[in-house]
Every structure is written in structure tokens, then in C-alpha cells.
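So the structure is just underneath, and the comments pick up after that.
As written, the chain order gives the labels A, B, C and D, with residue 1 at the start of each chain.
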Amino acid sequence: MKRIIQTTLAGAIGLGVAFSALAGPVDDQAAFQKYYESRFPNTPTEDFANGVYSILPEAREQWESIEEFPPYELAIENGEKLYHSKFANGKSLADCFGPEGAVRGQYPFWDKDRGMVMTMERAVNECREANGEKPYRWKKGKIADVTAYMSFNSRGQEVKVEIPTDDSRALAAYEDGKEHFYTKRGQLNFACADCHLLTAGNLYRADTTSPAFGHATSWPVFRSKWQSMGTLHRRFAGCHNNIRANPYKAQGTEYSNLEYFVTYMSNGLEFNGPAARK
Amino acid sequence: MKNGLKNIALGLALMSPLAFAGNGTTAAHIEAATGAYKQVAKETSYQWTVTVQAIKAAKKALEQGDDAGARRLAHEAMNLVNATRSQAKIEAETWQMRVPK
Amino acid sequence: MSSIRIKAKERNGSVDVKTLMKHNMETGLRKKKDGSKIPEHWITDVTAESGGKTVFTAAFNTSISKDPYLAFKFAGNKGDTLKISWKDNTGKTDSAETAVK
Amino acid sequence: MDRRSILKIAGTISAAVAATAAFPRIVFAAYSQKAFKNPSVEDSLNQLFGSNATTPSDDIKLKAPDIAENGAVVPIEVSTSMKADQIAFMVKENPNPLAIVANIPAGTEAMVKTRVRMGKTTQVTAVVSSNGKLYTASKEVKVTIGGCGG
């Protein structure tokens, strides 16, 4: 697998990093990916993009059976319709993202002008608003359908999130997402890393936790539990609810920075959404 | 680190419901828990769902005339707020231990 | 648009059919927020026809998952027309046609 | 999966055909209601086939997970090398065990795949009606209450 080695970035590490113990993003990513590869030696690296099914053969069989005619196909169809339907001003999402919307591989990115992480969902809604339309709601429904269509047309694009070195705020956003990932919260006192890194693949009651390597590649997802499509931020919120931590706002700074970090950790994998999950 | 833990202990002592358990109306106790909850949320961005639930339950109990129950729930909420605060403080210093090297 | 999606592929004289039908498949056991039961509403019968012949039929219970999936194989050729129809317990019907690939 | 294939296929499906013709009558429709609203596997079989005398058979392939990922969507597959007229599928501990009955006309393979709901861990049974006799294959499927995912 190709790994993105950003030597220029490696040189810039240390600037604006509060703790001397902190390695830079490039080292973080290498250590993160190596951790999963040595923990799950039977999983081919690219297969981590398939979530828990990359480490659970029996569940994988059921998943493959669902993928024979996945429920998200209905979402892709609806998304295609929405994507090409005209706004009141005669334009459509295609005017923002091209005829097929195959732009998944460009997100999330650091928007220097705005000083924030730009996600694909946000970009969709900003395109709508710029054309005088109301934004979609963030977590499910039309936003999930449209991004399902766009992600589908983007399948196979490489995850290559960049943390620009010429804007220290980008590194700060990354560090914020990283801290979020490793910090315990909620009454159950779990960090994302507790379940999805340190004990990834272990049973929590009846569920095996998925590796965080590959967590951000396959969205939006049709979850059997939801019986509907949902965005990555919908899942973040669900996870926080599970550990009895108040969820943050979808597309707020916390989740956008978390997405920035988690996606960066999966650099080198392929975007493979939409997907079906349990 | 040591100082951090001391601060937490101090914070717990100051915020302990025992410190004001006997004083004020139950409504004031609920208000105190709500205020502390908001304060912690503002300072640390940490919030627990169970705290919100305890505060809501306290308000409901008070409405229904269960003063003792409402007071108990308000104190429970305050304890949860304090635990949230402790968690945030400990985590600010320890989260990096989980980062793979 | 039809509620039915069909994929039909021929190999060695056998047509592999996969179909997904958009339908809530209410079991009659789910409750609304106010406690009242959501009435059962489910696809009771599915029929597949090709070349004027019925090639497959199935009767469902409410225990078939939401948006029912059904796969079967029949003897046929590329270019054959395949029509799949469903009927639910309220008498509603829908159908879709495709050419075997 | 070829990422393009889905949409192409979807595109070939013609728009909804207005179902004006009477719905084709399925042969067992007359007693299906009683078979489907019945808490007992044996009674359901009686309603369906006029008999509940079954013989276990190794010639039936029943594919169902040992542990269901999600009880709301359990993929199952039944196939047999026998000449089957009908294939039924039962989930023993569901309120009404009978989930599906498929009619297999001549020229159609004795195979059916679908996804069923399961309330709890229980035995599932595939029933094949062949030459007036009933053959079965069973296995247990565990349904768990999830921690985070389920």
C-alpha cells in the first residue's frame, strides 16, 4: 500500500505543538497504522476500509450477503435524483461538484480562508445555500442520500488528507481531533481509542469493536440498527450517547476536527462508501 | 500532575453537596446543579447525558411535590457534575498515554 | 418510480435474480410514541413472470425484513423479460420489469 | 462490485408499470392466512401442507449465521438438490414462526434467499416439500442484545 510521506510536514513538526512528547501527524499516522497491522496480522491493509468485517470472518459472511443487494442502493438512486434536480435558480449540485460529484477524495480538507475543516457534507449544504436553497439536515435523510451518490461515484479514490504546513491552525485542528480521539469522556469513561484502538476487536457485551483504522472511509452508511442511512457525524453522536457523553453538534468544530484526524489516520486506504453496517 | 490531583480534591471538597446539603430550598439546589453543569460544559466541553437526565428528573420531582426526591436528584446531578470535572482534569494530563508510539 | 429493483443475470441457461422491494413491512408489534400500535402493513405475495410463465412466487409473513430482499434462479435466456410484482395486505400492488442481462 | 454497475442496471428498469391486471393468484393463498398467523411450527405446517410429518434431510442446504449481526436483518439461504415444489422457512420462537413460503415451478431452481427478522436466539428450520413429503434442515441462530452496534 502506498503511504503518504510528507517530508515537508515532518520538518515542520514541533512548531505550535504544546507537548514535547507529541509526535507530528506523519509519525502519528505511521504508528497508528502499524499498531493495527501488527494487532491484526491476518487483515490485508486495504481491507481495514471494511470496518469490523476486516477482522470478523463470520460477520463478514452476513455482510457480504447484505452487500449482494445493499439497502443503500435506494439511497444512491434518490441521491442521484437530488444531485441533478434543479435549484430555483436553474443550477444544481452538479454546478458545484461536476457531473457525477466524484469528489469524495478531496474531503475533508483544511479551508485556509475560513480557518476550518471542510467536510463534504458541509460543502454540499454550502453549495445549496450559495444558490438560495435551504441546507439539508446534517445527520440523515437527503444529506446522506446525496453524499451516498457522490461517494459511490468516488469509490476507489485514495484517502489523502493533508495538513498544510503553512497554516498552524490546521495542525491545531488536527491536534484537537487527536486529543478528542484519545480522551476519555462520558459516565462510562471511554475514549474513542479505548474501544477502537486499545481493545479493538474485543467484545463489549455482544459486540466486537471495529478498528479505527478505516473508520472514515465508508460513509454514509446504511446501519441495520438505524434501518436508514446516516452520516459519519450521526455515528459519532451515537457513540457518544452510548458512553453517556452528551453528543456534540453534527458539523460543529469538535466532530469536524475529529473527522479530520480520523480520516488522516486512514490515509492510503481507499474511499469505499456508501456501505452497509450492522 | 500532583498539583492537578490536589486541585481536583480541593474542587471536590468545595463543590460537595454536603457543603450545602442542609441549606436553601430544593429549587436552589437544582439551580446550583444546573449552574455547575453549565459551567463545566463551558470550561471543559465535557457533558454527561446522565447529568442532564438527573437535573430533568429533579425538576419533574419538584413539580410533582416530591421535595425529598428532587433534592436527592439535585445532589446526584451535582455529584455527576463533579465527577465530570474530575474526568476532564485527569484526562487533560493523561490522554497522551493512549497514543501508540 | 417503482418500489422494486431487479438485477437479473443469465449464466449457462440459468437466470440469477436478485430483487429488493421498498416496503416498511410493519409487523403490527411496533408502538408509536403515544403507545398506540402501528398497524401491520406488509407484502403478502410476490410473483415473478417471464415469457408468459410464472417462474417464482413467494408468500411473506411480517417477519421478512424491512425493504424485502429476495433471490432465486430460473431457466431463461439473455434478453428475456422478467416482471416482478408484489401485493400487500392493504391490497396495494406494484410491479417492475427488466430484461435479463 | 463494479461501482458503475448498480446505476446502469437501475437505469434499465422501466418505470413503474401500473398494476391494473388482477394480481396473479398464488396457489396456497387460500390457507396462507392461517399458516402465517400461527404461533406453532406444527400447526403452520399442517395449514400449509396438510401434514406436519417431517424428515430431516442432508440434501437441504440451510445457510444462516451462527450469531446474527442484527436480529432485524438475518440473511438466510435455502437450497436443495431434491425436486422441490415448495420451500418454507420457520423461525421457531418468533410470534408467528412461518416467515416465507416459496413456490418452485418446473424450470426454477430449488433455491431461495431472503432476510428475516428474529426476536431472539432460536432454532430456524428450512422445510422442503418434495413429491408430497416434507423434509427439513435446522440450525440454531443466536441473536444477541448489542453493546454498541446492535
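FYI, a residue touches a chain if its C-beta (ideal position, glycine included) is under 8 Å from a C-beta of that chain, and two chains touch if they have at least 3 such contacts.
These numbers were taken from a predicted model, which means no experiment stands behind them.
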Pair joined by the larger number of C-beta contacts - A-D, A-B: A-D
Computed distance of Cα centres, chain C from chain B, in Å: 54
Centroid distance [mean C-alpha coordinates] between chain D and chain A, Å: 37
Euclidean distance of C-alpha centroids - chain A vs chain B, Å: 33
Cα-centroid distance, chain C relative to chain D, in whole angstrom: 13
Overlap residues in chain A, where contacts from two or more other chains coincide: 68, 73, 77, 227
Junction residues of chain D - those touching two or more other chains: 10, 72-74, 77, 113, 115
Of all residues in chain C, the ones touching two or more other chains: 1, 5, 7, 66, 69, 71
Set of all touching chain pairs, with the criterion as stated earlier: A-B, A-C, A-D, C-D
For the chain A and chain D complex, residues of the former touching the latter: 52, 58-59, 61-63, 65-68, 73, 76-77, 80, 152-153, 155-156, 195, 203-209, 224-225, 227, 239, 242, 277-278
In the complex, chain A residues that touch chain B: 19, 21-23, 28, 31-32, 34-35, 178-179, 182-187, 189, 191, 193-194, 197-198, 241, 244-246, 248, 254
Of chain C, residues touching chain A in the complex: 1, 5, 7, 18-20, 22, 66-67, 69, 71
Residue ranges of chain D touching chain C (in the complex, touch as defined): 9-10, 12-17, 19, 23-24, 26-29, 32, 36, 72-74, 77, 91, 94-96, 98-105, 107-109, 111-118
Of all residues in chain A, those that touch chain C in their complex: 68-69, 71, 73-74, 77, 227
